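Labels for the chains are A, B, C and D, by order of writing; each one numbers its residues from 1.
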Amino acid sequence: MSREEIIQRISQDPFACFLGIELLELGQGYSKVSMIVGEQMLNFHGIPHGGALFSLADAAFAAASNSHGQTAVALSVGINYLAAVPVGTRLYAEATEESLGRRTALYRLAVTTEDNTLVALAHGTVYRKKEEWLAP
Amino acid sequence: MSREEIIQRISQDPFACFLGIELLELGQGYSKVSMIVGEQMLNFHGIPHGGALFSLADAAFAAASNSHGQTAVALSVGINYLAAVPVGTRLYAEATEESLGRRTALYRLAVTTEDNTLVALAHGTVYRKKEEWLAP
Amino acid sequence: MSREEIIQRISQDPFACFLGIELLELGQGYSKVSMIVGEQMLNFHGIPHGGALFSLADAAFAAASNSHGQTAVALSVGINYLAAVPVGTRLYAEATEESLGRRTALYRLAVTTEDNTLVALAHGTVYRKKEEWLAP
Amino acid sequence: MSREEIIQRISQDPFACFLGIELLELGQGYSKVSMIVGEQMLNFHGIPHGGALFSLADAAFAAASNSHGQTAVALSVGINYLAAVPVGTRLYAEATEESLGRRTALYRLAVTTEDNTLVALAHGTVYRKKEEWLAP
């Protein structure tokens, strides 16, 4: 299984596509994704819905944790909301590996604006299965 | 501001509508919402995206925490993923108030199937602002 | 390995003993422990230290998650602080099983006073190893 | 209120002293503390108790979040356990400010060994009260 195949599969993630999330970078235990906050992502207070911000962080999480080829499934995520942004804002989420164990791994997920304001910060733990998620 | 107005405003939440999330019940510090897992909510492993499950829990969270009339904004949420479900599954999320303080409040958010299997469990903290979010 | 042996081993947990934590009940996936808040458990604001409250919840967590005989080690815990109590207060922590999987399990950890005020609420995930922690 | 007074008060934190936790550094929104894992800090598996590791992280959290002079009280903390260490190990916990808002703030709490192995990683949110915790 080549890096190109992994990138292609992650780029076709249905929910990420539904939200307009793009995969910008993928490395070993690393990823960067982006999304523009649309009108349909607001909540009833008129600010971005927590679920939309979380989904962006989660897309980065899934990409980085599955970047090694081994199937990784999320066990838990904790997210902190730090700032609200207006509709039309381009957001980025960057996932970096805090720890990689045999069975579990931990990722830092930072959601920021173009000028690097921290909008949300999350940490997620995956369980690493024995199988590879793309047939070699 | 009447209960009907609160229900109407929450029911028109743009992101919840975008995901097909319906508000089934709203009480003081309580809510129940529902959503069917669509094809567009899967991730690249072919199971429901963590962001879609979180968004359902978050919709219940927002409804319950804003049910008192006072504006509540999410500070942090921790979610645990417990089971995967197939496309077409109807999911429910129920938010119950664990604690209601003057400035903060804590909610339990349980995502379940029709037969009550726990799919995800989350807890969320809100900051309670001084203003009412619907003009009286 | 008998239930009595498990109870004996858990009751001799060094850190729990150091803090005066007593095991009151142990069931399958369940435990209840207790501790009196001592002067040495305060922080520099003169209220119980977050670490002391957490440790009580954690003692309940360890007991309940290891109650099945299979070795369970903590992966992550999220705790919410809800109320402060004065020195001399007897606190209880009750651990209940939210979910028991083959490799992971999730527990609710509630710290309360005698009159059932919720002082702290936590949720913890364990990784369940293959071996039994007490030789059969 | 001078920095010396803040350092003195934090250094006399009863629970931190009880566990042998030392304040090594204190800056604006920053702190570093240290502790040696004693026999009394083990759990019934013979490894450091989650509560002991948490308490070290929490001591750093309290110091950093109260370093501005304004009273800060913990709302929630999420901790991930990453490695076990033997008795006698000197551990460090470093708290850095991820975000400082008017009413809340978020801190990263990293517990490491002398050779910089990440033993536990936590994030904590405080509520910032209006009063200063040391009379000016």
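The rule we apply is simple: a residue touches a chain if its C-beta (ideal position, glycine included) is under 8 Å from a C-beta of that chain, and two chains touch if they have at least 3 such contacts.
Every value quoted in this text rests on a predicted model; they were computed, and no experiment measured them.
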Of A-B and A-D, the pair joined by more C-beta contact pairs is A-B
Among the chains, which has its CA centre at the largest distance from subunit A's? C
Could you put a whole-Å number on the gap between the CA centroids of subunit A and subunit B? 21
Cα centroid separation between subunit B and subunit D, in whole Å? 33
Separation of mean Cα positions, subunit D and subunit A [Å, integer]: 29
Name the residues of subunit C that each touch 2 or more other chains. 75-76, 78, 80, 125
In the complex, the residues of subunit A that touch subunit B are 9-10, 12-19, 39-45, 47, 49-52, 54-56, 58-59, 61-62, 66, 71, 73-81, 133
Subunit D partner contacts - residues on subunit A that touch it in the complex: 78, 80, 82, 98-99, 101, 106, 118, 121, 123, 125
If we count contacts the way the header does, which residues on subunit D are in touch with subunit B in the complex? 75-76, 78, 103-104, 125, 127
